[in-house]
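Both of the next two complexes hold chain A, though its partner changes from chain B to chain C.
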Partner chain A sequence: MRQSSLLTGVLRGYTLLLFVFVFAPIAFSVIFSFNSARFPTIPLESFTLHWYETIWADPDVWEALRNSVIVSLCTSVLATALGFATAYTDYRYNFRFKSAYLALVLLPPTIPLIIMALAMLAWFSKIGASGELWSIIIAHTVLAAPFAMAITRLRLNQMDKDLESAAWNLGASEWRAMREVIIPFCKPAIISAAFLTAAVSFDEFAIAWFVSGLNKTIPVLILEIVQGNIDPQVNAIGTFVFLVSITLVVAAQVFFSLRQSKGST
Partner chain B sequence: MSTPPVSPLVTMEGVDKHFGKFVAVKGLNLTIDKGEFVAIMGTSGCGKTTTLRMLAGLEQPTAGTIRIAGKLMNDVRPHERDTPMVWQSLALFPFLNARENVEFGLKMRNQQAEVRRKKALEWLDRLGVSEFAERNVETLSGGQRQRVALARSLVTEPQLLLLDEPLSALDAHLVIRMQSVLTKLQRELGITFVYVTHSQSEAFAMADRVIIMSNGEIAQTGIPRDIYREPANRFVAEFVGRNNIISGDVAKAKGKKIEINSQIGIFKFNANRPAVPTVGKAVTFVIAADLVEVTRTKPKADNVVECTLISEEFIGSMVTLFLETADGTEFKVQLQERELAKLDHNSGGKFYLSWQAESAHLLPSEKSI
Partner chain C sequence: MQIDHAQNNAPTARRMDLFALTWRMPIIVWQVLFFVGPLLFMVAMSFFLVKNYVMQETFVFDNWSKMFSRGYFRDSYFYTLFLATLSTISASLLAFPASFALAFKVSDSTRRWALFLLIIPFFTSYLVRIFSWYVILAESGVINGMLSTIGLGPYTMLNTKFGTVVGYMTLTLPLVVVLQTFSLANIDRNLVQAAHNLGCSPWRTVYTVIVPLAKTGLIVAALFCFILSFGDFVSPYYLGGSKPPTLPILIIDTTKSGQQWPRAAVIAVVMMATLITIAFAAITLAYRKRTSR
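Our next item is the complex of A and B:
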């Protein structure tokens, strides 16, 4: 099978190239964040933690971090709860226009962010709610809930149709069955959705930039720094944001693929 | 078996169930006694599972009344009933271990943790799976999971246990084992079992009484022997066992002895019921496949038919031969596998089927089925 081993080689090379293409800019950003030179040039100068010390000492960064953490935590909780509720509705009930309902629910991520951001800004200023931290939370929840819904729905589709009925049959009221059977069964998906929606919110720039006003989140702050001048601080913040996001996404992946088992096997 | 006087535990009167335009169950009248083992049997879509789900409260009847222990159950929610069910899929909770699965019903009744634990372990022990108490249910074998599911439904000590094809996913040898586990449990506990199945062997092996359903209606109710030997109508005769069915007009009638003219000849039968049909009447007789003799030479008997062999079905010690007459009427004969060799059945040629007049069973006058 020489031909197929050749093909394997080509495919491997292609995959490697793809990863280089995707990750090289990030890798460079990480490398330059530890480089003492003011401009990103090669050869590198000496190793330094100077840029990290600068952002550590910058109250604006702390303020933005605080905002980002609050927004992504709240978004994560709200979007996961909404996503779960929607997925359960889809699982449990059949009604007219259900496919239209599902299409509507899954729509937000397909709308160009800039349009969504503008619409949000217009709407929030109309009702006098723009520039607040919670307006970012609402906007991010709209954006992130469909992801939570999609993840929970996948899990619910794996569930034996009789499981919920079995709980009722053994004396569980509908709420109790929800608490004792549906939620435990969906737990991996719920945790995974919580991580993923937090990541979506933590990274999100366009909506936050339009809606945030004075309450800057980290991505908004990065843009402001870059607008001023080229400052390696950005590489340091960027490295930090990348680490947080990748951790959240990996955690989401791990929890989702976790085979839930109880007791020894 | 003679049993002390019993009162009905379940009464269903004029029960209908519609799903949109589809009528799943119509005009069902049924009483089930305390301590009875009832099997509801039929093909898929006959309404047997819907009937069971109505007893569990998972479906509400469209019309009619359902009473359990005298109490009207129509609007009682599933969790307010004590009608545990053993599911075809078993529906064990995968995120709980075997013991926690069994404890579930007790937990919903807000029993204390130690009490729950003790009872759950007792039931797991009773069903011979206590060593797997702390095991993840997904790692257990089919038979073990089956026993855990049974323990889970019995731990609350219900009066009525509903079983929805619980053995259909098991290997044949395990089915036989579980059948004896089930019948033994039912006798010991004295509780009522309502067992839904499409399997005739399961129903006949375990049940005190078998209910045959067809198109949402009861086609026949009776003890297994009666259902097998004395089907009440053509549907049951065709559904149950291996029956040969012959229809014709009565040509002569002398006491119980009658002669009929059928498409494939003249046959002599004994009318085994009080109302003997009169001459000219259309009648249908059923001859069970195991009551038909098959020979290579023309025998002396009340009834003889000449056939050719079409195919055979071999199930262990028993063989079913499928034969047909010159005009294409099909006959089935059941015989011991060791008798088959004597027939030299692979050489083709003619076979003679014969049966005695008293071997046949006269169907009650045909309804339009």
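Our next item is the complex of A and C:
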């Protein structure tokens, strides 16, 4: 018995170490963004807001931020809508080639981003759409829609199948049942999907780098700064990026888990 | 057989109605135009030619024969395969004790919190996290700074395979732990208890009962890890020093500086073919019924 509790202790300690490993880069990025050393190391030098002042005064950062916000917002709306429509189709209908249909929808995140980036770059220049902000939006929507679809589909699983039929029997049209039964029921999932897809888009750098042309987003800007040399500015931008994406992902998870409290009747 | 639950009650269920099409068609149109289209075009592009910096839509095998005759392409291919395999084995082994602990040795609420936390980094700027590792692992970085206070080091960790694998772990460990934990937590506890009652030692229970039962999830986790590592260019470039370059780095170099999109497409198609083969093998393995003994 004592041996097994020792084992449990060791395993828990190991798990804690793994969490330290996973979150160390995020923590150090935040710490170094307030550290005055040009090349960050231990022991720390003095506290400074210099790097934040630098990026605050940099018009390139503002431009990239504007692009990132536009791209994330548009991707979020498009991917959530497409994801919802697909999840509903999967929930309600059976049809021939349905597995091909689902593969078509769910495969994009399993393709390496660098391959998607090259394919998108070539395709967009073929159809004359490269280097535009909306080419990034289109590509990100392909990438993010499966996440929205998965979240909404899980929510629909929680729904009593008779709920929709009951609405029809009471005389509601399919459209009205959709508006007054399905969509309200899925609302937490839809909000969750909107946050998560925004996060996916906000952090994506490979495709954005290839197809963006001159319209850099924040991750592309970071990629270009990092290619130069060590620049603690990156830690300041990085801290900001972490703050945004962690907020989005946490919000997505909070809304998603609402189903447990309210969903189970 | 699954039954279309709405068939009997739906107002207009029989014919292919506007309502159904409204929800079904958008994603088909979107993915055909912007997912299947680009990928097929990329395959076609691998047969194009570039003359005077202009791409000509031909059908020749020049790019293929050029790429396959280059030693660096072959080297790069096997090196990438090696790194991705190393990453997959490392991640699977490093994740397993933690997944095991999260599945069996903690309370339900701790597990929920742990999974909640692990999902965050998966969606959180990988690029910045790698830059952070760059600073941590550098010659005069955090780790060597700490080690020097006890008189050790400095050790070279950047531009090594170790650095690359640290990067891969940053990318893949959270996901692998989440997937492994799900598959372990879904195991029927009675079977584990039975093994225990029959006097099976803890270690033996792990590899004769638990691992086989969780096999599908463990393999799927490893497969995701392989795909992510195989396609990643950030870790081998910034932490591994790109010597030799991996296939994704080769795609970037060929596209960005060489302007040789068709040759980059050859690399991409070879990568896709490799991944499809490996995914197929892994899935077959994952879902194969256990042979009765």
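By definition in this document, the second predicted complex is superposed on the first by the 255 of 265 C-alpha atoms of A that agree within 3 Å, B and C clash if a C-alpha of one lies under 4 Å from a C-alpha of the other, contacts with A are read in each partner's own complex, and residues count from 1 in each chain.
Definition applied: a residue touches a chain if its C-beta (ideal position, glycine included) is under 8 Å from a C-beta of that chain, and two chains touch if they have at least 3 such contacts.
Predicted, not measured: the structure shown is a model, and the values here were computed from it.
K.L.:
Compare chain B and chain C by how many residues of chain A each one touches, and report the one with more.
P.N.:
In the superposed model, C touches more residues of chain A.
K.L.:
Mind working out whether A:F97 is in touch with chain B, chain C, both or neither, as first, second, both or neither?
P.N.:
In the superposition, A:F97 touches no partner, neither chain B nor chain C.
K.L.:
Report for A:P40: first if it touches chain B alone, second if chain C alone, otherwise both or neither.
P.N.:
After superposition on chain A, A:P40 lies in contact with chain C alone.
K.L.:
Under the stated touch criterion, which partner chain does A:I138 make contact with: chain B (first), chain C (second), both, or neither?
P.N.:
After superposing on A, A:I138 lies in contact with chain C but is clear of chain B.
K.L.:
Which partner does A:S165 reach: the first (chain B), the second (chain C), both, or neither?
P.N.:
It touches chain B and chain C both.
K.L.:
With the two complexes superposed on chain A, say which partner A:S173 touches: chain B (first), chain C (second), both, or neither.
P.N.:
Once the two structures are laid over each other on A, A:S173 reaches both partners.
K.L.:
Is A:P184 touching anything from chain B or chain C once the two structures are fitted on A? First, second, both or neither.
P.N.:
first
K.L.:
Same chain A residues contacting chain B and chain C, which ones?
P.N.:
Touching chain B and chain C on chain A: residues 161, 165, 168-169, 173-174.
K.L.:
Would you tell me which residues of chain B are touching chain A in their complex?
P.N.:
Residues 56-58, 77-79, 82-85, 87-89, 91, 93-98, 100, 104-105, 107-109, 134-136, 138-139, 152-153, 156 of chain B touch chain A in their complex.
K.L.:
What part of chain A is in contact with chain B in the complex they form?
P.N.:
Spelled out, the residues of chain A in touch with chain B are 160-163, 165-174, 176-177, 180-181, 184-185, 187, 260-265.
K.L.:
Across the complex, what residues on chain A touch chain C?
P.N.:
Going by the criterion above, the answer is residues 4, 7-8, 11-12, 14-15, 18-19, 21-26, 28-29, 32, 39-43, 81-82, 85-86, 88-89, 92-95, 101, 104-105, 107-108, 110-116, 118-124, 126, 138-139, 141-142, 145, 149, 161, 164-165, 168-169, 173-175, 178, 196, 199-200, 203, 205-206, 210, 219, 222-223, 226, 230, 234-235, 237-238, 241-242, 245-246, 248-250, 253.
K.L.:
Mind pulling up the chain C residues that touch chain A in the complex?
P.N.:
For chain C paired with chain A, touching residues are 2-6, 9-12, 19-20, 22-24, 26-28, 30-32, 34-39, 41-42, 45, 94-95, 97-98, 100-102, 105-106, 114, 116-121, 123-136, 138, 140-142, 144-146, 169-170, 173-174, 177, 202, 224, 227-228, 230-233, 238, 248, 251-252, 255, 261, 264-265, 268, 271-272, 275, 279.
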